[in-house]
Structures are given as C-alpha cells and as structure tokens.
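When the chains are written out, they are named A, B, C and D in that same order, and each has its own residue count from 1.
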Amino acid sequence: MNSLSSEQLVAMFNAMADSMKSSIDHLCELDGAIGDADHGVTMSLGFEAVRGALAELDPQQAPPTVVFNTAAKSFLAAVGASAGPLYATAFMRAATAVKEQETLDAAAMAKVVEAMVDGIRHRGKAEAGDKTMLDAWIPAAQAANQAPADTSLPELMRQVAQAANAGAESTIGMQAKKGRSAKLGARSVGHMDAGAASTALLLNAASQFVVTTFGSH
Amino acid sequence: MKTKKLINNPDNIIEEMLEGVLAAHPDHLYQIESSPRAIVAKNGPRQGKVGLMIGGGSGHEPTFLGFVGKGLADAAAIGNVFASPPPDPALACAKAIDGGEGVLFMYGNYAGDVMNFDMAAEMAAMDDIEVRTVLTTDDVASAPIENRSERRGVAGNFFIFKAAGAACDKMLSFDECERVAIKANDHTYTMGVALGPCSLPHTLKPNFELGDDEMEIGLGIHGEPGVERGKLRSADEVTDALLDRILDEMSPSKGDRVAVLVNSLGSTSLMELYVINRRVKQRLDDINVDIHASWVGPYCTSLEMAGASITLHHLDGELTELLQHPCDCAMFRAG
Amino acid sequence: MKTKKLINNPDNIIEEMLEGVLAAHPDHLYQIESSPRAIVAKNGPRQGKVGLMIGGGSGHEPTFLGFVGKGLADAAAIGNVFASPPPDPALACAKAIDGGEGVLFMYGNYAGDVMNFDMAAEMAAMDDIEVRTVLTTDDVASAPIENRSERRGVAGNFFIFKAAGAACDKMLSFDECERVAIKANDHTYTMGVALGPCSLPHTLKPNFELGDDEMEIGLGIHGEPGVERGKLRSADEVTDALLDRILDEMSPSKGDRVAVLVNSLGSTSLMELYVINRRVKQRLDDINVDIHASWVGPYCTSLEMAGASITLHHLDGELTELLQHPCDCAMFRAG
Amino acid sequence: MNSLSSEQLVAMFNAMADSMKSSIDHLCELDGAIGDADHGVTMSLGFEAVRGALAELDPQQAPPTVVFNTAAKSFLAAVGASAGPLYATAFMRAATAVKEQETLDAAAMAKVVEAMVDGIRHRGKAEAGDKTMLDAWIPAAQAANQAPADTSLPELMRQVAQAANAGAESTIGMQAKKGRSAKLGARSVGHMDAGAASTALLLNAASQFVVTTFGSH
C-alpha cells in the first residue's frame, strides 16, 4: 500500500508552501473583504518558515512525528496571528497521532486530518458554521473518517481535498461568529472565509502531491 | 498599481523597524537577545512591582512600542504587520519584567492575540510567573453595548495602558493593578472613521475599497469593515456622529471630567485633527463636561490609512491621578 | 476626483485649527485677542530675555505652532496653508514677546515670508522694538552650496529653532542669540524625498503629479519641484542617496557627533521612518560619526504628502548643550 | 471724458474679485507646476477680503485714494504670501498716485498702473525677465505710458490688458529667478508664471468692466 516516507512528507509540506506563496494576494484579498487583509502573508510566511526548518532535518533520522512537531514550532514562531496557534496546535496533535509511525499510509493520513481538526477546535473554540477555517477542515475530516478502509492514499486525499473545497465554498453564505470578521455580523455574508480558502488550497496541494507521487490509485 | 512605500524586503521589515527604534531610543529600550521581538523598558521593571506587558501586531506605531517606558508599560511583544506576535516574545517579556508580583498582559481584543498571549500565559505559569490578562475593548462601533466584552481594542489603549502602567509604577498590588486596568477600560470609549485604506508592505495593495467620495464609520484599525458607509461629510458632522455614539453610552453628568484623544489613523493631518478637536471641545462645553487634558496626533495608527478616531476617557479622582502620574517612554512623555 | 479631508469650510480652516490647538493646549499657548493668528507661549517671554518669533505658512504642523513654549520659541505667526502670514500677526507677536532686549525673527527662506516679516520688522522698529532676522536655509537640494543663502528652510528648522530658543532661554545677549541661530543654521543639513502629493483644503487637488512608480528627491515641503525624479527605490537606496549629499557637504571627521531627525512629510508611516533611521545609523557607524540623539516622526509635514526627509545637525559642545537645554512646548518636549 | 467714480472703482474691484474666484483652480495648477499650488487661493481670498472691506465704505465719502488704501490693507491682512505684500504695496502706491482725484480718467488710470508696477518692483526687488508677475505688469505699464494723450479709458484698458496677456505668455519661455520657483532653474521653463497669469486676468477683468460701463470708445 502507498505510504508517505518522512522525506515525502517534507516534500508535501514544501508543495503546500508553494501553494501558499502563489496565493498571497488572493488570500489577502479574501481576508481584506471581511478581515484585516493579512492572511495570505501570514500563511506564506508560516509555511516558508516550515520549509526552512524542515530543510534542517535529516529525514532519515526524523520520523513523521518529528516533522509535524518541527512544522508546529516553526510555523508558530514565524507568524503568530490567528493562523499560528491554530496550525501549530493542529500540527502538534498530528505529531501525537502518528507518534509510532515510520511512514504514513491512508489510515495514518486520515488520523492526521482528524487530529488537526481536533487541535484547531481546541485552540480556537469555534464551532462548525462560525465561518472559519474549521468549516473547511471539519468536512475534510469527515471525508477522511468515512472513507472505506481500503481507500488508497491518493483517493483519500482527493476526497479530503474535495470536501475542503465544498466546505470553503459553503462559508460564502455564512455569517461570521469567530475571529476578526465576527464583528461584522450580516455584512460578512457573501464572502468566502480566508482561512477556509487557505485550508482548501493546502489540502489540494497535498492531494496533488500524493497523486503525483503515487499515481491516482 | 502598487502603493509606494519606503521599505526594503518586506520579509525583514519588522526586524529593520526594530533596529531603527533601538538606534533612536537606546536610553529607553532594549531588545531581548534570544527573542528580538520582545522589547523591554530600560528603567521600568523592578523587584516588587507588577510587570505590565502590552503588545500586538505592528503597523500601529507608536502603539505599542512607543508606550514602553518607566511609568507605563514594562515591555511589548511585537508581531508582524496586523498580526499578533507568537507566544515566544510575550513569554520572554514576562520573564524579563517579572518582579515577583505577577505580570499583567494587556492588549486589544482580537482572536489571534488572545490565542497567542494565552499560550504565553500558560507557558509563563509553568515558570511560576503568574499572568493575568485584561483585554482592551474600547471600540464602540465593534459590538453592541450588551456584548462589550466582544469589542475590539483601538486607540483608547493609550488611556487604558496609561492608567494600568501608572498603577503598576505606584507599586500597587496585583489585584489593584488588575482592578484599575479593568476600570480604565470600562471608562474608555472610541469611535473612528476611515477615509481611505492602507496597504500591507507585502502586498502593496489597498486593504479595502471605499468610493471616491465615501467614508466609513467604525472601520477597524486593521481595515475591518465598520458600521456605516456613506458620503463624506464635514468635519463637524463627522465629529458629531462619532461623539453622539460615545456620549450616548458614556452618558456623562454635568461637571464630569474627561480626557480626550483625537487620533490620526496615519495620513490625516494635524490640521484636520485640531479642527475635529475644536468641535469636540464645543460639544463637551455645551453639556458642561470638563476637559482635563487632550492629546491630538498619531497615537494609534494603521500604517498610512486616512481617517481619525475620537476617544473619551471618563475620569474620576483615581483615573485622573493615574493619568497625571509621570511616564517617560520612547515616543511619549507625560507628567 | 477630489482628495477627501475632514474639514469644514476651507475659508475658516486656520481659525478652526487654532481654536482646536488652543482647546488642546491651554496651559502652553494663548492667542492675541486683537491678532488671533499670533500665538504666544504662556511661560516663555519675560523681561530681559531676547524674544524668539517663528512662523510661516500653515500645513507643516507641528511646525511652527508646536514649537512654541518655554525654552524654545516665544511666539509663532501663522499664515494660510503654505502662505506666509501677513505682517500684522508677526508684529503682534513681536510686541507681545519683547523683553526689552530685542526680538529674533526666524523662519524658512521663502520670498513671501521674507517680504511679510520684513514689513513687520520695519513696523516693530517704529515701536522701538529691535528685530533681527535669521533665515533657515537647511534644504541642501534647493540650491548649490555656493548659494547657500538662497536655500529653503525645511525640517531642519527643528534643530535651528531649538538651538536659538535655548540661547534665548539662557538669557544670552541679542548678539549671542543671533550668532547661535546663524551657527545652528550653518550646521544643519536636510534632504527630502517625496512619493506622493498633498492637496490644499481649498482645491482638494494634488499639488503635483508623480508617476505611479516614481519618487522625487529634493522636492520642497510645499511641493516645489526637486532635483531628481526617478523610479522609486528601496528605503536603503533612498536613504543613501539623501545621506550622500548631506555627508558630502557636511564632511564630518571621525568621532564627530550629530543629532538626527528622520521626518515624515505626512502619510509616510513611523514603520518606514524607523527603517530609514536604521540605515542612517548604519551609515554613520560606518564612518565613525556618533549619534547624540535622534528624533523620528512627523516634525515638519506638508499636510498629507507622502515622503520623508533626513536632517543631520552637526554638533559641537555649544550646540550639544543648547540641544539638551530643556523645553516644554505644546507638541514637543525635551530635556 | 470717461472717468471712473469711486463707486465704479469699487465695482471694478468686485469684477476682479469675481475673476479671481472663478480662476482658483487654474491659478493653483499653474503655481503647482513650478511653485506651491496656492496662488489661486491666495488671490481669491485676497480679493474677497477687498470686496468685503470696500462694501463697508460709503463711496460718496471715499475718494479713489481711500478705495485703494482700503484694498491694500484688507488684501494684505487677509493673505500674506508673496501676493499680499506685492499687491498691498502696489495699491498703496496707487492710492498716493491718485490722492487728489475725485474720479479716475484715462490719464489717472495710466498713473495707477505705473504706480502699481513701482510698488511691486520696490517690494519684491525683482527685475523684468525674472519670471514673476512683473513680466505682465511691466508691459502693462509701458502700454499705459505709451498711449497717446487722447486715448479713451476703455481703449487704454484694452491695450493695458493686451500687453499683460502678452507679458504673461512670455513668461512661459523664461527661467525663474525670484520667488519659490527660482530654486527650479531650467525646470521652470515651459510653464506660465502664476502671478503673471493672475495679473493678466485682473487687467482683463478691469478692462472688460470699463468697456461694459462706458462702451468700447
């Protein structure tokens, strides 16, 4: 069965970093409509810091749990903001979830996604429907959780990404309840949440990476 | 079209700004070597004194950096532009300014700041430093009065930090410092108006759009949408609109005293601010409210945003004394 | 498209600004009743002291108004936006601050100011008040060094007025005060860069045009064209371009001391100014020039113009002492 | 012979004030190109102040010399700037030149124009060719001075205005030597001087007023 090595996991983080870098303006624009216009900068700075920290690791010596923990620390230290604690906590939970694993197969990746959602929920105390990144992450975790046991890693990631896309889309109709845009009330309706948008981009980049690495089945 | 700015690589802008700040104010400030986004007052922190840490995203200068100094804040944790700092600099500040009596964290009420500073507070607790947090929530436009605790902290920080810093400097107990901080926040009301956007150094694109003849009342100091968008009106009409909401909530009695802050968001000139201040004085005179003191200028900015805010700090004897207490900061002096 | 400003009827803007200034700073300033554009320091003028009057067009706040106070200027004569005041307020100032030892007139070297203030000086002479004039000419870009006396006065006013004000406050003789003022001017060098225009309240139209990606070095604080227009460069490159011209003229020796002013023309943010200040420090460190003190912020603005200027004040023992001499003004304090 | 009464002189000042008011933006733009963009504001504020002060006079009691002196004081007090002392001095000289006169005929108006030029020259110490308002005023005075003794008042004013127009035009090619724009050097070439432009506008308004009042002969 397909399974990501630590080296491949690092490469997947780099693919996500690339995706954030090329989306800076787009995400800032989304955040600008109902927030403070910095989400693209924050996500890109954060993932560039992750890229840099992971490059220092020797993937032979560093199992996936170390990769996630390194990502957590470097992301947080680089950016703060809302995204910092949320993603740092998410990555730390992911690190715990894969503590014993040498490589990550479909089942492990499903655990990763679910652990990340737990982390984001724990840190931010938001609920589904509050118009945050959770509205992309929760359906992503549900897709991972509901996938049959024999789903391949590429197929799993495809479904996860697709669910995140739909989740991000669904935030357009929502009224913000958490975060900066919450002060907006009804005026937040009609705009996609920037954090949900970046979630979808990240999971699509991850899915694409897996497909490229293993083929689509 | 990109906004023109005098910057270098935007990835380094905070470090470069801090280098320039330290170069200009070496007698007031130092940077913690292992955590360079932690900026500490040279003469503030001392044994037996409650430490006061403030902080938040950059781009509001002289808030927060400029209010670090003897008699006001002991340290500031500095984030990226409009982004809360991570826990690390806040933790480093807490360690540097702890005088054995606990450390007060004060900052504007934004989700990101709360998460990061709370993490820092938890970490400080592991090092046996007691941290208590008082959020500033002076932005009247950002939530109805019933949900005052959900409001954002904006230019009123100036008065709230000043009161808390004075309490700490007077060596009051942790309980007292916390009480004073909460009280100062409760007595502080800000309303702002924006005429034009600012641009983040990384994007150089306006962070919101506003019609050529429009203004927006209640817009946040990071460009978060406000409560009312409309045609630009005269300085007096705008001042009245802002003051009406403030006075409505504050409901001062005849003979009450206030301190006034007329603040520029960035590119609005002193000339305009003083025209506004004139109207503030007229309105307060009309209802027999005394002005104890006024500050007019760029105290809490949003980079080069155009617009202004008005803050009233509703004084009683205690708050007056705290306001008068001397302080000596890099970018602000009083008393 | 009109520039948006928070103003009322532009015909009243100066009176309204002054009303706001007096409302904010009643302990520092008063207005001469018969000549309301004459603003006088409450605690400055006194018998036996040479009086210092500064002044010029409005729109440069906190210059000139903000530098009136004990230890600095005794009075300011206030003109319309970018327009010299007429002789009357200057004459009223001279009468109000004369302590029997003469009155020094100091202002930027502009044709309009010279004509009006000279008329006032002639009128003062008829009232037996001796007036001497020292023009400020710190703008390096505005004429070649051979014609230094033709140069404009810009942000360096800050240091020049400070030195002269200290000399007057120390009760030095008229000759000495004049000598110090001339010396301070000779030791002060400013270079500025503009990134965008401002608009007069009456026209609400940009006072000059600049390409979307252009800057102009040496542009005057009223938008007068500068010496070099080009593509916007990085903060470090621009700082170097400004400093090179200053250092070239000043030609400091190793171990010399300077005071630094990094000034915003209006909408350029503190963040950018501190980035520039960082580079100034690096450059001065490189050539072993000591920085005695630095000021960073909006000290001499052009309404909401975008851009900045750098001033070096080349110190010796006497100028250092004068710079350190305390002053307490409405918008500026030192010592 | 046609001769302006004090009342008509006041009305002529008002016509000049109207002209300045409608030229604010134009004159500011000219001043902006090589100066500080305020000349239109200054001239209009100044002439509005003159309008206000003259309205306080009883023209029956106030001979032309008083009108000019009143104009001088009110203009100067209202505006300062460069224009203030220059025009105030000019009007004071005009007041002296017509001290004995009850009304102003062509000869008196010629003296007025020449006196004004003397005043401007005395106050500003500029020379012909320095690219200032003098470059419109000097040819205007020459035209007044060279007009045959029997020239009618409307004809005189027409010639004066025409000479000022040509003078203003001629400043386009000049390099500034006095005033703010003097710092510009060669860059001032190619722009009409704002003060010369306002001079032409003032003299055209005056000429038009005289023509309207007396017919063109």
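Here is the rule we go by: contacts are C-beta pairs under 8 Å (C-beta built on N, C-alpha and C of every residue); 3 or more make two chains touch, one makes a residue touch a chain.
Source: prediction; values computed, not measured.
Trainee: Please report how many Å separate the Cα centroid of chain A from that of chain C, as a whole number.
Mentor: 54
Trainee: So how far apart, in whole Å, are chain A and chain D when each is placed at the average of its C-alpha atoms?
Mentor: About 73 Å separates the centre of chain A from that of chain D.
Trainee: Report, in whole Å, the distance between the mean C-alpha point of chain B and the mean C-alpha point of chain C.
Mentor: 29
Trainee: Between chain C and chain D, what distance separates the C-alpha centroids? Give it in angstrom.
Mentor: The computed centroid separation for chain C versus chain D comes out at 33 Å.
Trainee: Please output the residue numbers of chain B that touch at least 2 other chains, ranges allowed.
Mentor: 81
Trainee: For the protein chains shown, what form does their contact graph take: line, ring, star, complete or other?
Mentor: line
Trainee: Which of the chains are touching one another, listed as pairs?
Mentor: Chain pairs that touch: A-B, B-C, C-D.
Trainee: Would you tell me which residues of chain A are touching chain B in their complex?
Mentor: 24-25, 28-29, 32-38, 40-42, 45, 76-86, 123-124, 178-184, 187
Trainee: Sort out for me which residues of chain B touch chain C in the complex.
Mentor: 1-2, 4-8, 13, 16-21, 23-25, 58-59, 61-62, 81, 193, 195-196, 201, 212-213, 215, 232, 234-236, 238, 260, 262, 266-281, 291, 294-298, 301, 303-304, 306-308, 331, 333
Trainee: In the complex of these two chains, what residues of chain B are touching chain A?
Mentor: Those residues of chain B that touch chain A are 11, 57, 79-88, 110-112, 115-116, 119, 142-143, 150-152, 200, 202-203, 205, 207-208, 220, 222-225.
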